[in-house]
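Below, chain A partners chain B and then partners chain C, in two separate complexes.
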Partner chain A sequence: MFLEVQHIVKSFGEEKVVKDLNFSLESKQTLSILGKSGCGKTTMLKTIGGLVASDSGKILLNGEDITETKPEKRNIVYLYQEDLLFPHLNAFENIAFGLRLKKIPEGLIKEEVNHMLQSLELEGQADKMPTELSGGQRQRVSFGRAISTNPSLLLLDEPFGSLDTGTRQRMQELFKKLTAEYKITSLFVTHDLKEAVLMGDQIGFMHDGILKVYEDKKDFIQDPETGVQNEIDFWGGLI
Partner chain B sequence: MRINWKSFVLSLAVLLILFPFIYLVFLSLASEWRFPEVWPSYLGFKNWVTVFGSETGLLESFFSSLLISLSVAVFSTASGFLISKAVFYHPKKRILTLLAYFPYILAPVVFAACLSFFFLKMGLFGNMTGVVVAQFIIAFPYALLFFSSFWNAKVKSYEDLVATLGGNKWQTYTKVLLPLAKGLILICFFQTFLISWFEYGLTSIIGIGKVQTLTIKVFLFIKEANYYYGALSCCLLIFPPVVLLYFNKRYVFKKLV
Partner chain C sequence: MKIKKSNVSILLFVLIGVVPFAAAFIYALLYSFGVIGVANNGFTLQFWESVLASGIFFKSFLYSFIIALTAVTISVGGALWITLKFKKQLEKRFLSFIIYLPLAIPGVVTGFFTLQLFSKGGFFARISHKFGLITKASEFPDLVNDGLAFGILLSFVTMVMPFFVLLFLNVYKNERVEELSVLAQSLGANPNQIALRVFLPILIKKTWVLIVLYFIFLLGAYEVPLILGQESPQMLSVLIIQEIKQYDLDKISEGYVVAVLYTLIVSAAAIVLFLPKRKSAYAN
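Then we have the complex of A and B:
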């Protein structure tokens, strides 16, 4: 397995936020995780990304134990719900940011960023500052910035949460296209049922700090805890 | 004919604000101006020539003040920025922030009197280093409180993001935090420079007359009833802040708005 998370526990004071987290993920796959606010999704992602230290447990990435590795050495990028574009840099420089940190030659940076701008359907927007871009464009630049560094794992924390329905749908399609093009392994956290089903190759459901990963989508749909049955009953009742 | 009261009042206000400064320049050019003479008997650059000839040590005081204020502004801005970050992430940040107000509870003169024993013991009494340290004690908490508004959850997210993109602490500072805080850093530098530049109470006690900053010199001239030199030193006192204010307005405030 590419990613193996074993018995991760994290508490803040008396409160146990993540309880015995266990799951694994194949390379180039997306595990979407559904969960309500406050169920421990963000803490789980931040623990895997190294931004929050776990109390116990182990994280293996490509067979290597990264539990104690600093976030900057993990090659795991964490994407927030907010695009967090650097306000002092234009779209091009925002995408090039991670590449510049790695001191990649200028010619290669230009080539990669221009290709990324094309993949993100952002041709002609390179010189625009973040304030001159729309919400969807900003989120795309944010994606580009994360993907351009070729991360081993991408952690997405409700990345489309702040977008309107139409933009959200377009971003979901773009994300699917990009994950296939750049062969990305990712954990996609959302509280949107439909988005969880659409985005993941595998689906998990997190409740009160416990993550349950389903064998297939059918199991997920049939589990009454996930709320899918309620949704089906609701829409079915309207017909 | 209609009188435009708005522009009239505005012009009057501008005139009232500018008058003391214009009068100071005028006074610095005058000498032997006695009552009831309407115009001074001499008006020229005699005072300025004397000063630049270093007869009274005013030029020396100007450079001493400049050195002290620049040191205080650089140290307090840099340490204020860095330490305010540590305070923001500290679990007892509220208590630490409250402590930063402590130097402002007392008047600077009383505060200096309280500290004088320690300065004497450390050999910092009556020298420039001592004055810089004393003024730093006042300017640093200001910088700390000033920068406390900069640190927030979003800035923390930026830091985390840079880390996951592979950036180390140095890169986080140079490529993100400092560019983000650039405007605030310049304003803080300006403010701490002014705190130091116009400081009198602490400087007079810790400097014990041996460190004669421009502010100390102004008071000496006024005590001696040498109004012309007093006005001249006031001009020198005002000149650097005016230059800083101009640069702040032109390059900083415009970008912040």
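Then we have the complex of A and C:
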């Protein structure tokens, strides 16, 4: 398995936020994780990314134990809920940020960022500052910045939560296209049922700090805890 | 006819902000050319020639420039370091109160405090004497009214640094520098790279206008250099006031020449610095 998370526990004071987290994920796959607000999804992602230290447990990435590795050395990128761009940099420089840290030659940076801008359908926006971009465009730049560093694992924390329905749908399609093109392995956290089903190769459901990963989508749909049956009954009742 | 609200605002701005300044500047300009003034007999370039030939203005301007630049650099650098290292502790109520406190103390009081503490007959000189470090007052180093302007710099830094700490803490919070730092770390940045590529550029670019304004403010500061400055060269405001209040009536016009020159240089610098950047605080 590419990613193996074993018995991760994380508490804040008396409160146990993540309880015995266990799951694994194949390379180039997306695990979408559904859960309500406050169920421990963000803490789980930040623990895997190294941004929050776990109390116990082990994280293996491509066979290597990274539990104690510093976040900047993990090659795991955590993407915030909001389109958090560096306000002092334009779209081009935001995408180039991670590449510049790796001290890649200027010519190659230009080539890669321009290609990324094209993939993100952001041609002509390179010189714009974050305040001059729309919400959807900012989110795409944010994506591009994360993907351009070629991360081993991408952690997405409700990335489309602040977008309107139409933009959200276009972003979902773009995400699918980009993860396939750049062969990205990712954990996609959402509280939207439909989005979880659409985005994930595998689906997990998190409740009160415990993550349950389903064998297939059918199991997920049939589990009454996930709320899928309620949705089906609701929409079926309207017909 | 109904007068538009915006027109009233412009009129008030002109009356309160522009007219008094323009009137004072025109008065100083006319005085400097001998057009007005008790002992003056009409237009002459004599006072300008005298000031420019003596070099007193340029010497004083350079001295003021170096002091203001050093004070702003130390204050901004120190405030950035404090913000970076102690931001969590500074959120505590007691510490934030301690930072606010120096802002409530007027410049003249800070100047006197510094004089009482660091003069040859001051607090530290007496302590040094008590501990046997010096045997007489003259052995205590020149820390006020000195050539290196130690006293002036110390007072300026004491007055200005707390303001910048509060400003940077505010920008740090509003611009979400904490989250951006975590993001940069996630993208592979080490602590030094975070400081150089995220923390510093965001804070400096967002506050550079205020930094420049504080520099101009210190360039023209009066009370502190008056109390703690040396005889020569003097900081600009002290020089101007001294010239204007002299018994030699010719010197009054020369004082106005210095005031006009100072106003022109600062105004030109402000126009050059601020005009191209008015569109956005982050514009490149």
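To be clear about the criterion, the second predicted complex is superposed on the first by the 239 of 239 C-alpha atoms of A that agree within 3 Å, B and C clash if a C-alpha of one lies under 4 Å from a C-alpha of the other, contacts with A are read in each partner's own complex, and residues count from 1 in each chain.
The rule we apply is simple: a residue touches a chain if its C-beta (ideal position, glycine included) is under 8 Å from a C-beta of that chain, and two chains touch if they have at least 3 such contacts.
Computed from a predicted model, the values in this text were never measured in an experiment.
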Partners on chain A (chain B, chain C) - clash or fit: clash
Which of chain B and chain C A:R145 touches, first, second, both or neither: both
First, second, both or neither for A:T190, with chain B first and chain C second: neither
Touched partner set for A:T42, first chain B, second chain C, both or neither: neither
Chain B versus chain C as contact partner of A:M129, first or second or both or neither: second
Which superposed partner A:N90 touches (first chain B, second chain C, both, neither): second
Residues of chain A at both interfaces, chain B in one complex, chain C in the other: 49, 51, 71-73, 75-78, 80, 84, 86-88, 97-98, 100-102, 145-146, 149
For the chain A and chain C complex, residues of the former touching the latter: 49, 51, 71-73, 75-78, 80, 84, 86-88, 90, 97-98, 100-102, 129, 131, 145-146, 149
Residue ranges of chain C touching chain A (in the complex, touch as defined): 175-176, 179-180, 182-190, 193, 197-198, 201-202, 205, 280, 282-284
Chain A residues touching chain B - in the complex, by the definition given at the top: 46, 49-51, 70-78, 80, 82, 84, 86-88, 97-98, 100-102, 145-146, 149, 155
Contact footprint of chain A on chain B as seen in their complex: 154, 157-158, 160-168, 171, 175-176, 179-180, 182
